[in-house]
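Pasting the structures here.
In what comes next, subunit A is part of two complexes: it sits with subunit B in the first one and with subunit C in the second one.
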Partner chain A sequence: MNKTVYRILLMTLLLVLIFIADILLGSVTIPLSDFFEYLKGNNWSHPSYEAIIFEYRLPKALTACFAGSALAVSGLLMQSFFRNPLAGPYVLGISSGASLGVALLLLLFSGGFLLSVPLAACIGSLFVLIIMIWASKRFRSSVSLLILGLMISYLTGALVGVLQYFSRSEEIQSFVLWGLGSFAKTQWLDLQIMLPVLVLGLVFAYSRSKALNSLLLGESYAQSLGVSVKSIRRQLLYLVGILVAWVTAYCGPIAFLGMAVPHLVRLWVEESDHKITIPLVALTGACIALLCDMIAQAPGFDMVLPINSITSLFGAPFVIYYLLKKNRLG
Partner chain B sequence: MDKKKYIALKEVSVGYDGVSVLKDISFDLYSGELICLLGANGKGKSTLLKTLMGILPRLSGEILLKGKDLEAFSAEEKAKEMAVVLTDSLRDVTMKAKDVVATGRYPYLSWNAKFKQEDEAIIEASLSKVGALEYVDRWMSGLSDGERQRVILARALAQETDVLLLDEPTAFLDLAHTMELAVLLKKLSREEGKSIIMSTHDWTTALQIADRIFWIDETSDFHILEAEALKNGGKMNEMLNSPFGKWNSDKGRFELLIDH
Partner chain C sequence: MRSVLAIILSFVFFSCQQQVKKGVVTSSKRIDSLEIHYATGFAVNYYEDHKELLVFSPDRKDTLHRYYLSNEVREGFIQTPVKRLASLSSVYVAYIEALGLEEYLVAVDEKDYIYSESIRKEMERRDMPELGSVEKINHEALLMAQADLIYSFGWQGNTTGIEQKYPNITFAYAYEYLEEQPLGRAEWIRFFACFFDKEAEADSIFESIKTNYENLKELTVDVAFRPKILINMPFKEQWHMPGGLSYSAHLIEDAGGYYPWDTLQKTNSTPIDWELVYQKAYDSDYWINTGAYASYAEVRKELPDMNLFEAFQNKKAFNNNARISDFGGNDYWESGLLQVDDLLADLIVIFHPEILPNSALKYYKPLADE
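Up next, the complex of A and B:
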């Protein structure tokens, strides 16, 4: 247990360092000395720095942290639940489901009220999740499930394409921008809705550790150990659906992060107990999301790259590597 | 040791989706009793075991566990009375051997699964009973079939239940490991008074360790047979139902009819 506490502290420290780097770097680089002066109660060396940090970079960094945690933990939950190492919100089409929900809302009804985007995303992601759970009982192989996820992504993509064809150009633009993914679109007001939901979700996931460990042995064993499989299945369905939808609604679809981070953590700690892996996956997910955000904001250049492309650039080769490694092992 | 009645079945029918595979089964299972369940594939051995485990609902009849209706047990209460070994080899489970065995303590722990010293001791004792202490830190995927089966049995033992249900536990095992498991199960029933039902295809082992044999014949009739009486009678040939082998009652084994 000591080792786990030490690892959690290490990751927390790393997270704090990356977090500070993330709010200082960007098209305008703020010197580290300014940051320390500010902590001591002095003013920033340039008056615009305060606004850059508090109005723009701090909400963005917080969004990246919690979105990264939520996606990574969703990935872990899905991998345990499906007993499939390739499961993840993006790979299995859950993010695409959320996209479809948002597309229907943005393109057919041109936006809406405060919570309409997250709710539309929830309906979309839960819809796909239910299909995947149904499918996972019928075909056992990882690859079939993966292909189904891919097909669902194509299908939702096609439906979105049809919707776009009949939409006005402003609506299309707002949807396309959303689809590129960004941690930067959240204001403080959005964070007030987004963060509590994600934090509650993460805490709830941690509280299910024991049942999740049992589920690693399969549903029949879990049942023989006193887990009510029906109820835990329903709980995980809603939990993953809401976590992924909430992130997708505010940040757009973020590729591969949810699938890859649990593997990184398992490679590092060699543990399967969810009481250990959930906190570590959450912290690592936050770190990776912040790192991707740092790359996306291209320090020193006057531009911002779409976050979804950055995570794909790293995530897709990772999946290929994993498949190759798995093939070698038989 | 006084014999206690752990399980009682009264005219139970089992099956899937309302279609019965086995009908009107009645038997009592006592403490310290080892039972082998035999019969051709697809005749309902697993279905019966899953129904006893409470994983599958029974179609009709009454199943009592320690005098109380099985369905009146919560999943957690049941987990303290009955442990199982399923046919799943757990090869692809991303867990270490120790964590697999540790799940056996879960029915006794609250939501945060915090192990007490007592739990750690039971986990270690279970591992040592099956001779798997040295694998604790190895991944399930890195163990051989025989090693994995020991870990899976240790998991069931860590649950500290009076009843043990095993579905073809020797299916993946070579002869040496099959014998090891058979001896261990016999010891568990004799020395610890556990009542054990295991399904198997292995008549030779079954006749040596079982107190009674439950046999499902070709027409799905359920027979309860005393192992001792079986060894001498001509019933064995009827049960084998194959022109390629014959029961030799002097040697107590099936022999191949090679010149057939």
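Up next, the complex of A and C:
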């Protein structure tokens, strides 16, 4: 237990450091002395700096932090739920639902509709979530649910393809850009709605640790422990569905993080107790999302890179390396 | 193994051969060349019995396309005046209308994109077919249209292979969008006119636009204050800023504005991070070309960060969507590309209302208040 506390403290410290670095770095180089001057109550050396820090970088860093946590924890929950290491937050077809919602808005209605993009994404993903919950009552095995999620992805993919074919290039551009994901879309006002939901979701996930642990041992075993498999399945579906829908609504589909972070944590701590893994996965997810955001800003360059490419481009080789190293040791 | 190699090599050779442009050997003497004032992307040479049109690469070092035009039927020549014309982009509509070529038009890319009323009427009257864009062209509609000539935008020398498929159709590839000067873009009307032997008409149209433009530009040369102009809108965190040598930068400059990226020595756009744009242009006086957004409320909803720019706070945003057809065709991208004098007048009215006090806006309108 002591080791766990030490690890959580270590990750928290790391998170704070990365968070500060993320705010300090960007394509506009703000001198460090400016920060100290500001803390002393003096003005910034350029009038645009204040808005860049407080209106742009800070909300972005907070979004990255919580979106990373929520996606990573969702991935962990789904991997426990399906007892399948390939599962991730998107296996339920929720991101496909979101992209269908956004595609309908941007491509069919040319964006000139009453809804905003996050709302369309949210409605799309909740629509898929309702189908999944309906199906979960009928399907006995989790594998059928997994296949249903895949099928929904194919279906929505095909619909989105047809929509794209008949759309103008500008409309396709804005849709593709949405699909590349972004942490920078959120404002303080959005954060006021986004963060409480994500925090509640994460706390709720933590509170179900015991039931999740028993799920890992198999559904029949869980049942013999007195855990209602049916109700925990339902709860998990709702929880992951809402977490992922919420993140996707504000940031677009963020690839890779949700699937990979739980593996990273499992490679680091050989624990399957969710009481330990959930907080660690949440912290690691936040750290990695912030790191990716930092790389995406490409400090010193004039442009930014799409966050989705960064998460996969830098994340995948790292996980592969870690896997190889781990396997050699074991 | 060797035979496989032979087959591959012959394919390579064959496909290379396809790329070689058909040269036409004539013995006639060159008698004249078109004097071009602003455009740099094309040239016209007159020979005793034919004319030669050249289209240059973006760096103007290579000749990408050569067209030989003659009034008689000759092998390798395009017979002028052309009788059946198709247009693969709505940007050519203004040139077609100004030259009075409506009656020759047999197909367009997409009817909804077209603003021009005279062409819309003509399309309706003859139930003109739609071809779709170059990448997803409707081949059957193209065959049915029996066009002799197609105005299409050039792909910097890369072809989509489409002209090899239709050897009887001439694809007139235009690079007017690469012109640095607004007047250069307008001057392409003289290129389009050659296929219809309407050079004289084109010259007089261009001459009047040019005179107008130059006179307007003269008015802003000595303005005491050049307002700072922010242009376009961000795509996510990225802003695609036109280069300092671009069409847009020249228009802003000629209208007496200051374009903060005028030192970018290039024509095409550069992606620039939101932070850098904000740092440089937070205190912009005007924001123009606000994209798909029609009102301040819409921008605030979709791009809340815009609220941090002074031009937005002070409600000094103008969009180029004053003339839009019921189906979404925007005249800015049509006649606005030819009537650059009117476009310049619009920008002067916005930046320096005192210079043209009695002028109304044509292509631009203020972003709607709510």
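Going forward, the second predicted complex is superposed on the first by the 230 of 330 C-alpha atoms of A that agree within 3 Å, B and C clash if a C-alpha of one lies under 4 Å from a C-alpha of the other, contacts with A are read in each partner's own complex, and residues count from 1 in each chain.
Going forward, contacts are C-beta pairs under 8 Å (C-beta built on N, C-alpha and C of every residue); 3 or more make two chains touch, one makes a residue touch a chain.
What you see is a predicted model; the values in this text were computed from it and never measured.
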First, second, both or neither for A:Leu225, with subunit B first and subunit C second: first
Chain touching more of subunit A, residue-wise (subunit B, subunit C): C
First, second, both or neither for A:Ser272, with subunit B first and subunit C second: first
Partner chain in contact with A:Thr12 - subunit B first, subunit C second, else both or neither: neither
Partner chain(s) touched by A:Gln164 [first = subunit B, second = subunit C, both, neither]: neither
Overlapping contact positions on subunit A, where the subunit C interface meets the subunit B interface: none
Subunit B residues touching subunit A - in the complex, by the definition given at the top: 50, 53-55, 74-80, 82-84, 86, 88, 90, 92-96, 99-100, 103-104, 106-107, 109, 111-113, 159
Partner subunit A, residues of subunit C touching it in the complex: 136, 235-238, 270-276, 278-279, 282-283, 292, 301-302, 304-305, 308, 328
Subunit A - residues contacting subunit C, complex: 26-28, 46-49, 51-52, 55-57, 110-112, 116-117, 165, 170, 173-174, 177, 180, 182, 184-185, 187, 189, 297, 301-304, 306
Residue ranges of subunit A in contact with subunit B within the complex: 83, 85, 207, 209-210, 213-214, 216-218, 220-221, 223-228, 266, 270-273, 275
